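What follows is a set of structures for review.
Next come two complexes built around chain A: one with chain B, the other with chain C.
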Partner chain A sequence: MDALEHVFYAEEVARADGLLQRLDARVKLLGLLALILPAAAARRFVVLEGLFAVAVVLAALSRVSFGLLLKRVWIAVLLFTGVIALPAPFVTPGRAVYQLPWLGWPITAQGLESAGYLVLRVETAATLCVLLVLTTRWNHVLKALRVLRVPAVLVTILGMTYRYVFLVLQTAHDMFESRRSRMVGELTGGERRRVAASSAGVLMSKTVDLSSEVYLAMQSRGFRGDVYILDESRIQRFDWIMLAGFTLISAAAFWWGR
Partner chain B sequence: MSATHSNSAETIPVYDVRDVSYRYHQVRALDHLDLRVEAGRRVVLLGANGSGKSTLLRILNGLCFPDEGEVDFCGKPLTREGIESDGFGLEFRRRVGLVFQNPDVQLFCPTVFDEVAFGPLQLRWSEGEVRRRISETLEMMEITHLKDRSPHHLSMGEKKRVALASVLVLDPEILLLDEPTAALDPKSESHMIDFLVRSRGAGKTIVTTTHDLDIAEDIADDCFVFHEGSIVAGALPSQILSDVPLLKRTNLLHAHLHVHKSGEVHSHPHLHRHEE
Partner chain C sequence: MHIPDGYLSPSTCAALYGGAAPFWYVALRKTRKLLFTRLVPLISVFAAFSFVIMMFNIPIPGGTTAHPLGVGIASIVLGPWVSMIALSAALFIQAVFFGDGGITTLGANCFNMAIVGSLVAYLAYRAMAGRSAITSSRRVVAASLSGYFAINAAALCAAVELGLQPHFFKSASGAPLYAPYSLGISIPAIMIGHMTFAGLAELVVSGGVVAYLQKANPSLLSFTGPGLPLGPAEGAVAASGSGWKAARPLWTAVALLLILTPLGLLAAGKAWGEWSVHDFSGAAARQEIARASRNVGPPSQAPSGLRRFSTVWTAPFPDYSPSFVRKPAFGYFLSAMFGTGIIILLSIFVSWLAAKARAEQAEQTREPRKRER
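The block that comes next holds the complex of A and B.
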């Protein structure tokens, strides 16, 4: 049930009264994307550091916990990207700044720089992405994708997937609890595999039934293959000001980061 | 079959179901069933689980079609071709609304607002009209505060009200309700019954399936009893509810053990009736 708890927490953050929460989802999507692009292209450390600082300030003004960012983004990205970046200091040609004892492998300044760029780029981009997801309700994120010309049918399918994944998770959880409540002792490996396979089969069958019923419910209310979406949000003056701000920072970062 | 009140052999019924049979693979769900539903009547289909009530509602909603027999809607044949046509199909969907028994089936959108907007958008209403109707419907069902909520955050009672709102937003003339009070807590159940009782003067035709005898008299003008895919009786609710042998035979009434204040434990059927 961790997934459900994470989602409930994210929705709680999205409802908080913070800077990014007050922004229209479309503006937020475009604005944060405008910051991610120069982060991916920057060739100067100072620019990357500046963009990372902007992300941190946005997180603070949006009441997103640093502890959460540290745990879910910064450390996770460092570990994941660190593994990818690890060979760079040894294999990138350049001026050696250190030599590993016993192995004698040289660590080059250029290699360290490459690894640093990679880690900082990913940290900045991931922080901005997580800010978008944490400070925006998922259905608003999906609707905002329409400004990027994502087809309405895809937005609807993603929305329905998001809606039903919780129902399926809940069903799976109930099945698991029901089995556990009737069990005594431990199952052997083979038995566990058999139970898992049969549970997956039952869940699959329930999901297929559910999807058929949902399709009938859609038909019952006039669905004939075409999807229409009503956007209830309105872009306000504050949104335009913030969008201008994001654009300015993005343009400056592109300019200085060349 | 029609209930005893029927005075309109000459008027065109909303539904005229004639000799309809339907099978799910080898299982016969409806067996040569006849039913006539007159305009403006509140009809209750009483039946135990698996008696074919929900299947009939789906046929009345044009979601599935009989293997044998015919169904007329307001004098026109209800066929797959008709439902798929732009003219009759869209008009039918606007005039007839079905509320499913399981609200999780019906609430497939990410938020309550999107859910209620779905029907009007499919029928290509103007944006202004859609917004106006959503606002009115949410207010009427007292769920405006749930507008931005996701269905997985709602209680069963709230889900049922949203499911009903998602159909009522189209202001259908004919409402088909599949077990509307099933799995509801007492407060949510009373909300639903209040709605059905109030709808008496609204001129809507309402077909409700249930096995809850306690509510039948309050929400019905006509009552039909289902048993093994057929209608075995049709009469005024008071007449049906006083026919204990019929209710026992169709598994709608049964004896169960219970304890009285004196401590005596015995078994007999229970039926809640209003004398006035």
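The block that comes next holds the complex of A and C.
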């Protein structure tokens, strides 16, 4: 049910009055992608730090709480990527700068640098990505995908998938809860595996039935297999200015980060 | 296995987006032709299912739990093309909305899990299930193993992509810019986890769901068993049920080999009796042979038979490590997987021959009965 909480919070932030919320979704998608790409390509710490600072400023101007960013992104990434990067200083060949007291393992400068690149890069990209998701309604993100020439049928599939994720999630949750509420005592490992596999099977059967029902509902409303998407939003002057700003920062980051 | 942003260089990401694009294109065209108007609701709802199934916790023997990917079961029920799009949609939502996997690396993640995973699962399932009845136990085994192979193939792709990064992308001082571990580390680190925990979760879900559907909803399994009767009640091929039982020791051996392979990396020195011609001339190698043979020294020259035959057969993977791989550990691992693949293919071929022979026998016994009528 964490997913649902996440969604409610995202919808709330997306409705708030902030800098990124006022932007057209297409401009926001292109602009933030334009920042993620140099973050992925940068070969200098200073550029990565600069992009991270830009992300933090954008978050502040868009009223995204730092507490949430800290918990959901910065600490989460540090825990996952930090653990992965931890052995890098010891195994990367290079100039030794320190030796562990008892074990005698050398820590190399190149290893430290490599771990730093990885953690900072992932933090920056993840923060920018979260900003896009938190400040944009999901259906607007999807419509914006049309700018990247994603076929309309795929955009529709993604939109419907998103809608049914919560229904299927709720169904699975209900199934497990009803099972648990009728159970006394603990199951053995084998029984638990069998329960999980049959639940997946039941869920799959329900999914197929659901898709037939959805199909019939769509057909009865005149669906003939063609997909149309309404593009009602207009790009304002403010959007153009922000797009120019994003492009400028992105080009500068690419240039400095070479 | 969801690679986040920042682990792969932009050029690798671009290459993998490029690698995934033709598959997406073909998959969309194929599925559109197949189920023109049903496409959108079926794929959407199924992508939602894949998304949810990735959140299932499967208890693994040993007390831990692992998440399945659902790629095995999706390919078996829907075929590889629909499964490819459904899983890609699920991965997109995971990446963009829940931050699990990156945006720049989405192409790579879709390539590994949705495309390679679906194709491997489908091909392995079709090859192993053969023409057995929809409700035969052979299909359960085939489904379990195809899920296991699919997730491991996807993990291997991810490990190779990550492991190649430090070879190609370094800063001026020589520090790796992206994923820092070379193939020799990334492959064992990722594969050991997937061959055990994640692989088992996928195995349990794929096999378990097929076993459940055989009882509850066999029609869902008919896509990958076209034209087959749905159960023994409708006159299924009875012989196919015995497939798993006959091959059980073989599969057990293969599984054991797969699991024990990394131990080969830890054992020092050469296996007793696996000496080459050169080992008889080097002083260090001679000492080692003597130590391993309870201090009985080897002859001063290599046995003439060994010398003669050593030129007859050159293995495709000499000394278990292909020349293009520098790290012996990686070579050992790759060779083991290659060898396992050959063993599995051989066993499939043998079981196919046996099934054919059985079918012919059944045909012959049926013929006279028809004439009697």
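Here is the rule we go by: the second predicted complex is superposed on the first by the 220 of 258 C-alpha atoms of A that agree within 3 Å, B and C clash if a C-alpha of one lies under 4 Å from a C-alpha of the other, contacts with A are read in each partner's own complex, and residues count from 1 in each chain.
Here is the rule we use: contacts are C-beta pairs under 8 Å (C-beta built on N, C-alpha and C of every residue); 3 or more make two chains touch, one makes a residue touch a chain.
As the structure is a prediction and not an experimental result, all values here were calculated from the model.
J.: Look at where chain B and chain C land on chain A after superposing the complexes, then choose clash or fit.
T.: Result for chain B and chain C: fit.
J.: Please indicate which partner A:N139 is in contact with in the superposed arrangement: first for chain B, second for chain C, both, or neither.
T.: Touch status of A:N139: first partner only.
J.: What is the contact status of A:S114 with respect to chain B (first) and chain C (second): first, second, both, or neither?
T.: second
J.: Looking at the overlay, does A:Y228 come into contact with chain B only (first), chain C only (second), both, or neither?
T.: So A:Y228 only meets chain B here.
J.: More residues of chain A are touched by which partner: chain B or chain C?
T.: The partner that reaches more residues of chain A in the superposed model: C.
J.: Pick one for A:P151: touches chain B only (first), chain C only (second), both, or neither.
T.: Second partner only.
J.: State whether A:A85 touches chain B only (first), chain C only (second), both chains, or neither.
T.: Touch partner of A:A85: chain C, not chain B.
J.: Applying the document's definition of touch, where does A:M160 land relative to chain B and chain C: first, second, both, or neither?
T.: So A:M160 meets both chain B and chain C here.
J.: Using the superposition on chain A described above, determine whether A:T207 touches chain B (first), chain C (second), both, or neither.
T.: The second partner, chain C, only.
J.: Check the residue A:G257 against both partner chains and state whether it touches chain B (first), chain C (second), both, or neither.
T.: neither
J.: Now for A:S220: first (chain B), second (chain C), both, or neither, which partner does it touch?
T.: Only chain B; A:S220 stays clear of chain C.
J.: Check the superposed model and tell me the shortest C-alpha distance between chain B and chain C, rounded to whole Å.
T.: Minimum over all C-alpha pairs: 9 Å.
J.: So which positions on chain A get touched by both chain B and chain C?
T.: 138, 159-160, 162-164, 167, 210, 214, 218-219, 223-224
J.: Which bits of chain A are touching chain C when the two form their complex?
T.: Per the touch definition, chain A meets chain C at residues 3, 6, 10, 33, 36-37, 39-41, 43, 72-73, 77, 80-81, 85, 87-88, 91-94, 109-115, 117-118, 121-122, 124-126, 129-130, 132-133, 138, 141, 151, 153-154, 156-165, 167-169, 172, 189, 192-194, 196-205, 207-208, 210-212, 214-215, 218-219, 223-225, 227.
J.: Enumerate the contact residues on chain A facing chain B in the complex.
T.: Spelled out, the residues of chain A in touch with chain B are 11, 137-139, 142, 159-160, 162-164, 166-167, 170, 210, 213-214, 216-224, 226, 228-230, 232.
J.: Can you tell me which positions in chain B touch chain A when the two form their complex?
T.: The contact residues of chain B facing chain A are 58, 61, 63, 89-90, 93-94, 97-98, 100, 102, 104-111, 113-114, 117-119, 121-124, 127, 130-131, 148, 150-152, 166-167, 170.
J.: Taking the complex as given, what residues does chain C use to touch chain A?
T.: 4-7, 9-10, 13, 28, 32, 36-49, 51-53, 55-59, 61, 68, 70, 73, 77, 85, 89-90, 92-93, 96-99, 102-104, 166, 171-181, 185, 204-205, 207-209, 211-213, 216-217, 220
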